[in-house]
Structures are given as C-alpha cells and as structure tokens.
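You will see two complexes here that share chain A, one where it goes with chain B and one where it goes with chain C.
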Partner chain A sequence: MSLAAIDWGFILTQSVTQAFDFNAVVYALAAIGLNIHFGYAGLLNFGQVGFVAMGAYGMGLSITLWQLNPFLAVVVGMIFAAIFALILGLPTLRLRSDYLAIVTIAAAEIVRLIARSTVMRPITRGAEGLNEFIGPFRDLSPFSPGQIYGIGPIEWRGSQFFAVVVGWILVALSLLLVAQLMRSPWGRVVKAIREDEDAARALGKNAYWYKLQALILGGVIGGLGGMVQALGNATVQPDFFVAPLTFFFWLVLILGGVGRVWAPVFGAVVYWFMITFIQNTGRQLVDEGLIPTSIMDTSQIDQIRFWIVGAALALLMVFRPQGFFGSREEMALDAR
Partner chain B sequence: MTPVEQLADVAPEPGVSKPDPILVVDDVSRAFGGLKAVDVDHLEVQRGVITALIGPNGAGKTTFFNLLTGFDQPDSGTAVFDGEIASGKSSHELARKGMVRTFQLTKALTKLSVVENMKLGATHQRGEHFFAALVSPLWNAQERDIESRADALLERFKLDHMRDEYAGTMSGGQRKLLEMARSLMADPTLVMLDEPMAGVNPALTQSLLEHVKSLRHEGITVMFVEHDMDVVRDISDWVVVMAEGQIIAEGPPDTIGSNQQVIDAYLGSHHDSALDLDAGLLDEEKP
Partner chain C sequence: MLLFVSSVLLIWGPGLAVAQEGGESVGTRLRFENVDGDRIPIEGGRVTVATLDGEAVAEGLSDAEGNVEIPVPGPGTYVLTLDVETLPEGVVLRDPDRLSTETQVLEGQTGRTIFALIAGDVTLDTDEGVSFRQILQLSVEGLKLGLFLGMGAIGLSLIFGTTGLVNFSHSEMIVWGMLVAYFFNFYGFAGFLGFMANWPAPFGAGVNLAFAALFAIAGGAGLGYAMDRWIFLPLRERGVSLISQMVVTIGLSLILRYVFLFIFGGSPRFFADFTAQSAITIGIVDITPKDLITAALSIIILLGVGLLLLRTKLGKAMRAVADNRDLAESSGIDVQRVIRSVWVLGGSLAGLGGVFIGLSEQVSWNIGFRMLLLIFAAVVLGGLGTAFGALVGALVVGIGIQVSTLFIPTELKNVGALALLILVLVFRPQGILGRAERIG
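Then we have the complex of A and B:
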C-alpha cells in the first residue's frame, strides 16, 4: 500500500497509446468537421454523430449489400454523409442558425433509430450491426492481423494498426484541406458569413450556397471518422452513434480552440490521454488501497473520469475560454 | 450635359420621370400584416447623381431599401435596375449586378482583419469556388490584384493604418468608412447607403460626406437614407420624400423644404410655414 507500487510506466504507455489510437482519430475527424461548421461557417450542428453514422453505414452497406470494392465503399460513405447534409441543410439554412441546431440533434437520433429498427433488419441488421464488411479491407492491409506493430512501448495489433495508420493519414489530409480552404477566398466568404450573413449577401456572396457547402464538407469529414471507427472496431453498430457522442466531439473542439486548424486534433489527443490517464491511475490507486473502496471502487472510475474531465473543461473555460489554440483577442471582440 | 444638370429640367413632383434613370420602380408594395409599409406607385432614380430618401420615422424608407436591394421581396410590383428586372432577384445577385448596399447598423466583420473585410468586397473571385480554392495558382494573381485595390481604397479612406487589425477593434465611425470602402470593392454602379451618418461624430461626418461626393465624381449613382437635413442639403442633388409608405414629394434639396406635402408629413397638416431645414425638420416652426 504505497505510491511506489503504482506503475507509472504502464499508465503513461496506455494513455499515449489511447491518445493516438483510432478512437482519437474518430474524434479528431468529427471535430475537424465541426470546426468547419461552427468554427469557420458559424453553423450550429448538434448532430455530428449522425454524419459519422452515415459515413460508417455508407461504407459498410456498400460491401455487405452491394459488394462494391473498398475504395468505392469509402466514396459511397462520403456520399451518404453529403446526402445527409443536403437533407438537413436545404430546408434549414435559409432560416436562422437555431433551426439547423434543432434539426440536427433530432436527425442524428433518427439515423440511429432507423438503423437499429426491426424493419431495416434485412439491410442494416438492426441492433446487431454490420459485421461482414471488414474482409476486403483486411485484404488491403499491409499489416498481418495477429502481429504487433508500434513505436517503442506503444503498440497495436495489426488488425487495428491499419485503422490507426489510415486514420491519421485522413486526419493529415483533412487538415491540409482545411488549411488551404481557409486561406483561400472561399474561406474568407465562409468566415464572413459566420460574422454577418447579410453583409456577405450585400457584397454579392450567395450565403445559402456557401453554408450548404460548409455543411457538406464538415459532414463528409465527420463521415470519414465513422469509417475509421468501422475499420478499427471491425463493426458498425447503431448504438455506437448515440447523441451524447456529438457533445464529446464538441468538447474536443472547444478544448483545442474553435476556428483553429490544428485545434480539433490536439483536443482529441489530449482528451483521450486524459480519460485513459485518469482511468488507469484511479484503478491502480484503488487496487493499491490508496483510495479506500468505501469512497470509490474500480467500477466507478468510468464515471468519475468524466467528472474530472468535466471539471477540467470548466476550469479551462474560466481561465482560457478560447481553448488551447484559440485567440483571446478574437474572443474579446465578441463581447463588444 | 452632366447627370446633375439634366435634373434641372425635371419637374419637382412625385413619380416624375428622369432623363436617364438607373432604377425604375413601379407599383411596389409590401405589407406586414394589416400595415402597408411600402406602397410606391412610380419612382425613377437618376443615374450619376446623389439621391436622398427622407421621411419621418416609420415612413417605410428602410423597408423600401430592403425591397430594392433584395433583402426583402415585394408583395407586388416591379423594379428595373440598369435595364434588368430586379424584383424577385436575391440580394447577392443584385450586388453582383452592381447594386451594393450598406446598413444602418454597420456590419463590420469583426473577426476578420480590415484588409480581409475589403478583399471580401471584390466580386467574381475565382478562389471563391470550392474546387478552385484548393489550387492556389488559380487565384493567386487575382488575389494580389484585389489586395492592391483594397490597399489603395484603404489609403483613400485613411484606414491604411488599421489594415491588419481586426475590424472589431474599429470605432463606429471607422466602421462606417470601412463599410463604404468595402462596398466600392464590388465595383458598384449604384450604392445604397442606409443612414451613413448615423452615430458618426461631427469630425468624421465631414470626411464621410466628402467620400460620398467623390462617388458621384466617379460616376457612381448614390441613393441614401438620412435624417440629418444638413447632410441632405449638403450632398444630395435630388430628394425623395416618403411618408406612410408612399412617395409624397420629390425635388431639388433647396426647395423640398417648402413643399406643403412635406411640411404636412413631418408636422401634421394645418401648418403653413416653410420648414427650417437648418434647425432640423422636427424642431419648431418659424413665426
């Protein structure tokens, strides 16, 4: 019963591994999408998980249902996310931004409920989810599923390492895309619409069309996140895509700093590091008897880690409301 | 004959036709519930001059502006801008055709730098298309061109020292200047200014006035809503008076104040004295 018994090496290895695992990639991609929506175009999307689900199902169904080749399956996943953006955006983007917010949160749940419904069972396999799509991707993978890959003590099994590598490549490409767009005149129009839609319209910019483009782009990048999830877990289950997940994406975005290219990725990595670090440390503290079970047992750590992350986020908002990368100067302009 | 001189022969009566109109409005109406906010039979705006739109509060000036610029659609009627039907067109389409407006409450894009605000104003930017935006060489040259135009305009409006600041850090008057300069980036033929002098300190008013006059000098048509009669008298070539949604009078600025219809509209009927424009319309009647 002493601090010395705690295996910090193990805790750190676990935390760093999780920080760069495919789950972090899923969060990063979803938050990059949200950053385009909210950070640059000013769109309030509270249903990003719906785009993630559309991407995952689009890719999965392409193989289980239509036997497409895996590359085409990815394209279909992106098209699914884009169609979802059109369904949400066409009727709501002419209205005030609140309407999009209301519609998105409901629409994301509708996607999940339809996917898990009994009626859809012949297509989506209901609550069981899609499981038979992974074969063609495994064939593409240069890593053998059973082998261990990694850098130093940070290791993945080959089956998941493929998702990790593909995922980080997608993150890199998405960041390049966002960086290029936001320094272009296109990005200028989108940011202008975020600031004042009427001003942009008075200068000849079709605000509606740009908002739709931004919604589609951010949604498709979120959809890529769904595909990485599918590759990593080798399954697409409807109940992965629950509504609260969207708010974890938001958390990741705000942690990093809204409207900064790198921020969502940084946020995702820090978030997964923190969650894993707190969980593993807590578990060892309980195991070693440093925290008596009368206060907390190991099964409660899963909940308590979210308390701690929540408290940390609250403190961040007090002392650094712009997030890690955001600009305080810009935040101050809002208060004027 | 200059556009201003052409106006000399135009009779000062509501709905009169002008020698060279850039904007022609026919039977435009807009009702909000039971209230008919705008009901204009006929109005022509002469090209190349400064036209003021005045009227008491609630006369429908801003609503009329919104209808003309596509920010609102009329219930009936047509507007023809530069030979093309303008009613039914959306605001961004009209802006691209050369009708650019500013707002009563300035709309500086606070989290963009001043120069980015300016560059936004340029129309027909290749890099504003999604896929072209991905390939910098397609728009780099145009961007440099736009930037040098923006810098020239910033210098002219004496905002060049703010170039790289956030627009949100500007004072109210500077924002008015920025908005006017930004609208020029769009190469407008008709600039619609909604209360350009509202909330601007007297020192800056003078410079804003000079800038408005310089627009006319460049051949740009200006139409503006204003309450300050000094301003109206100083810079406008023609005044259109609205009351209760209708055009009740038109004429040159120096005679409009003695128009009985205008006096009635501002002070209520049964007043027989000319309005003292210098003291402001609503002050007191002269003995």
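Then we have the complex of A and C:
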C-alpha cells in the first residue's frame, strides 16, 4: 500500500517500448496521411481510419483470396486506399470542407460495417477478420519469430520486430516523400489552394484535381499504416477500425504540429509514451489499492485514454492549435 | 426482416408482461412466419438458459401459444439457447448464428428475448415475399425512427444554421437525455444526493418514465445551455475558427461518451416502465402502444417547434440568424441570445429524442454514434442549416432505412442510409429543401 511498491522501471520500459512499437508506426503513418490532407491541402478528413482499413484489407485479401505474392499484396492495399479516396473525393471535394468531414466519417463507418457483415463473410470473414495472410510475410522476415530482439531493456519478439523495422522504414520513406513534394511546385500549389482556393483557381490551377491528388496520396500513406497494423498484429479485424481511432490520429497530428513534415512522428511517439505511462501507472495504483476499486477498476483504466484524447484534442485546438512545432499562421484555416 | 420486426412487436404476449411476485425469469415467445405472413405459435420448442460463463441454469418448453417462461435464480444476464431439433419441420432461424441470445433480467422482472424464425422455404429476398402489408408495416416503423431522428436533426441543423458549427457531440446530448431519464426512472435525486434517500419521489426514489422524461428534457436543455455558455460562446469570442470548434465538439463527444460508459457501464439496459407491451393492430399494421404514443408525442412536439419557428418572435429571429447573420444583427436581433436559445432548444429536443429512442430500442452508452451518422444523413438530405429540411430528411432516412430491409440484409440497413448521404451530395448537394447556392 505505498508508492514505493510501484515498479517505475517496468512502467518506463513499457512506455518507451510502446513509443517505438508498430502501433506508434501505424499512428505515425495515418497522421502523415492526415497531415497531407489537412496540414497541406486543408481537407477535413474525419474518416482516416477508413483508409487505414482499406489498406489492411487490400493487403490481407490479396493473400487470402487471390494468393498474390506479398509485394503485390502491398500494392493492392495501396490501390484499395486510392480507390476509396476516389469514391470519397469525386463527389465531395467541390463542396465545403464540413461536407467532406461528414462524408468521410460516414464512409469510414460504412467500410467497417460492410467488412464485418455476414453477407461479406465468405470474403472478409466477418467480425472474425482475416488471419491467414501472415505466412508469406513471415517467410520474408529475416528475424526468427521466437527470438528476442532489441536494445537494452527494450525488446520485441522476432515476429513483431519485423513489423517494427518495416514500419519505421515506411515512415522514413513517407517523410522523405512528403518533404520533397512540399518543396516541389506541386506542394506549393496545394498549399496555395489551402490558403485561398479562389486565388489558386484564378491562376489557372485545377484546385479540384490537386485536392483529389492530395486525398489519394494521404489516403495511401494511411493505408500503409493499416498494413503495418496487419503485419504487427497478424490479423485484420473490422472492429479495430472504429471511428474514434481517426481522432487519435488527429490528436497525434495536432500534438506534433499541423503542416510540419516531422510532426506526426513526434506526435505518435509522444502519444504512445504518454498513454502507456498513464495506463500502466493507473493499473499499478489500482493493484496497490492506492486507487480504490470503488472509484475505478483495472478494466476502466483503458477508458481513461478516451478522456485524455478528448480533452487533449479540445484543449490543444483552443489553446495551442499549432501543436509543438507548427506555426500559428498555418492553422489559421476556416471552413469556407 | 419484417419477421424480425413483427417478432419484436408481437413477442410480448398478454400475461407475460409481469413475472410472478419477486421471482425473476426469462421468457420468449416462439412463433414463425409462414408464406402468407401469418405468425404461427410453436408448441414444445425447447429453450435452455445458461449464465454468461456457460453454466446451465434451467430449461423450458413452449406452450400452445408459443410462450416459454423460465424462472432464474436472480437478476443478471442470461444466455438463452433455442434447441432447433424441437422446432417443427422446415422452421429455421432467420439468422442461423442467432441460436443463442443474451438477455438482461432486472429485479423482479422477466428478461425477454426473441428468436426470429421463418418457415425454411420463405426467403424474404424473393419478390413474392414483399407484400403491401410488409411495406406499410416497415414504413410505420420507419416513420417512428424518422420522428425520433428528427428531434435530433432539427437541433443539429439549427445550431449549424445559426453558428456554422457542425456539432459532432449532438449525439451525446441524445444519450445524455436517455441516461438522465434512466437515472430518474430508477433512483430519483437520491441517486446522487444520498441524504434524500427517505424523501418521497422524485427525491428519494425513481419516478415513472413519463416524469423522468421531463427531467431528460431539462437535462438536455441544461447541457445545451452549458455547452454554449461555457464552451462555444468563449470560443466564438476568442475568434477560434469553425474547424477548430468542430474538432472541439469531437473532443467533447469522446469525453462525454466515455464518461457515460464509466458511470453507466457497458451493457445495454431497459427503462423500468413500458418495456414489455403487446402490439395492437391498427388496420393491417401492428404497433405497440408505447411506440404509438411516443410517435404521436414526437409529431406534436415537432409541430410545436415548427410553430415556434414560424410564428413566434424568437423563432423568426432564429431563422433570420440562420439565413443571414449580419443582416439579422444589424436589424437589432441579439444574435448571441438567439444562439443560446438554439442550443437550449436543440439540447432539450435531443434529450427527449434520447428517451424515445431508449424506449423503442434500449438504453446504451454508445448508441449515439450510430444516431449521429443517421442524423447527418438526414440533415444533409434535407439541406444543412434548414430546420424543416432536417425534419423531412429525417423522415426520409427513417422510412428508407426500414423499408430497405426488404431488399438488403438488416445488418446493412444503416449502410444504405449513409450511401444515400454520399449520393445526395453528388446530385443535389443543397439537399431537398436547401437553396441552390454555391456551397463549394
């Protein structure tokens, strides 16, 4: 019954591990995609989780349904996400940004509902999800599944370490791509559209087409996040892709700073460190009886995450919309 | 699909509504629908009861009316499993995976569940299965859903109209109303002010749901007031952009939803009153009295809101602000006061809508998000920002959802509504009643 009984070493190790685990990669990739959508092109995508799901299902189905090789499967996952972007973008990108927000949040939920429906069970395995796609990827992995890899106390099993390594490589490539793109003429046009669509149009730029390209690009990077999730958890389950997840990605983006290349990675690492730290500490406090179970039991500790995300999202948006690294001017957007 | 609906309506047979004194039980009524749409009771169907851990508790056989009632040791959640071997030849479950269903038993009450059964050769996907009666029945169901959605949609649309803000936490106002009603229905004020325990209801004990609903309206109005007074008015004054405010509503909705989960718990429950009712037949449509009354009340209230908007000074001011804020302000309307009233009105309508939804379906912490998407479909369909458009949109969405179950699997009915939302944006982005102005 004392603070001394709390195993801070364990909590810190856990937190650091989670901060660099494949989950953080998933969040980072999804937020990099969102950054292209919102940070650079000013598109209000409230359904990023739908793109993540499309990527994961695209890759999983390629193997369970069509027996493609793993590299092609990744390409198919990217195509799935791109098609989803086309379906969403074609009707809505001419409209005001709040319409896009409503449509994307609805579309992401459609993806989940269809994926888990009994009608689709022969293809998506319904609520159980896809589980038999991991074999070909395990064969590619240079790490033996049972062995432990890591630096010091931060360890992963070989089966997951593959997802961690592949994931961070994908993050690095995506960041490189975003950095180069935003320095290119394309990036300048996209940012110009965000600032003043009419002005960009007056200069002869097809704003609709540029916004569609941005939606596709960000969606595909989000889709890569879905594939890393699939690789790390060795399963693709529809109920992983619930609507609140999108707003976790939003928090990660805003935490780092909207419109900054590096920001999503920083946000994802900080987010996972903080959440793991708080939850593990909370769990130990309950176990030690420092928080009476009449107030909260261990199963309720997991709900704290939603309170924190909700509060952090609202407070950051009001008091520090530019996050850690952003500039306030870039966040001076408004619904037009 | 119709069968499912009609089973829900008809399962509460007379005499089943109240369990024997003090004893808890579980019950169901086994009936199947034949090709002509008649519901035929099944005698001798065996139902077994187990706890959530899988420990068998009891079993029972259905009587000539198809009724099964099985006493259980106490309140809690039980799993009822139907023994398909005991069903008549050719009768099967509509969804073979729903062989077992969970039911919650409250103290002294009967926990009810349904098994949707059909004669094996009836496939509702064939054209012969669609009768005029089915369409009418589903339309009535849909009208009811549409009215309940309308209670939320009008508020959302008015708030959008007057402030430009899409309120993603509107659904939590609905759930809030539902939970406030549940709380007063069971506990009264003593639930959080313990010293009142020996006072008369509503202080020391729960009240009838009809009174609890008044608390829900007040609670919804209070939440609407608080959100505008302490959150969105300060944000407007700070000049926080609408997109940022929208993200704030999302943050709020996450917090509220999980506070509801923390307090209320994860499993869905039912109100103490009006839960088990037998359907009455009006013409060729079956409807339970509670659905009839709540639908009628919704119509009256929505008409009242319509009158308020059209005839009263406040209502005219609301529409004026929604139409052109600057013009309204320069003609002497106190815009902030109008916005406050819209939040309060929206909150109270949502709160009452929540009670109706809880009564018609169940009381649950996470019913809000599904409702939110349907409300979005409704307001976009009707034209974002128009109060009457929102109502028309809600009715179309409600009826559309229910009637669509004749053609698509029930589990995908909400998907149909959301797909409609996207289609509307392609072909008529201003909605049914919206004006064709450039919104791009």
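One rule holds for everything that comes next: the second predicted complex is superposed on the first by the 312 of 336 C-alpha atoms of A that agree within 3 Å, B and C clash if a C-alpha of one lies under 4 Å from a C-alpha of the other, contacts with A are read in each partner's own complex, and residues count from 1 in each chain.
In the analysis below, contacts are C-beta pairs under 8 Å (C-beta built on N, C-alpha and C of every residue); 3 or more make two chains touch, one makes a residue touch a chain.
Predicted, not measured: the structure shown is a model, and the values here were computed from it.
Touch criterion met: A:181 reaches chain B, while chain C stays clear of it. In the superposition on chain A, contact of A:244 is made with chain C only, not with chain B. By the touch criterion stated above, A:321 is placed in contact with chain C alone, chain B being left untouched. Legend: residue contacts after superposition of the two complexes on their common chain; A:313 is shown touching chain C, with no touch to chain B.
Legend: residue contacts after superposition of the two complexes on their common chain; A:282 is shown touching neither chain B nor chain C. When the two structures are aligned on the shared chain, A:213 is found in touch with chain B, with no touch to chain C.
The partner of chain A that touches more of its residues, comparing chain B with chain C, is C.
In the superposed model, A:47 makes contact with neither chain B nor chain C. After overlaying the two complexes on the shared chain, residue contacts for A:202 are found with chain B alone; chain C is out of touch. Residues 333-334 of chain A lie at the contact with chain B in one complex and at the contact with chain C in the other. On chain A, the positions that touch chain B within their shared complex are 177, 180-181, 184-189, 191-192, 194-196, 198-207, 213, 217, 329-330, 333-334, 336.
Residues of chain B that touch chain A in their complex: 69, 71, 90-93, 95-96, 100-103, 107-112, 116-117, 119-121, 123, 125-130, 132-134, 136, 139, 143, 166, 168-169, 182-183, 185-186.
Per the touch definition, chain C reaches chain A in the complex via residues 95, 97, 164, 166, 235, 238, 240-248, 250-259, 261-262, 369, 373, 376-377, 380, 384, 409, 411-412, 414-415, 418-419, 421-422, 425-426, 429, 439-440.
Touching chain C in their complex are the following residues of chain A: 44, 46, 87-88, 90-92, 94-99, 101-103, 105-107, 109-110, 113-114, 117-119, 243-244, 247, 250, 254, 300, 303, 306-307, 309-315, 317-318, 321, 331-335.
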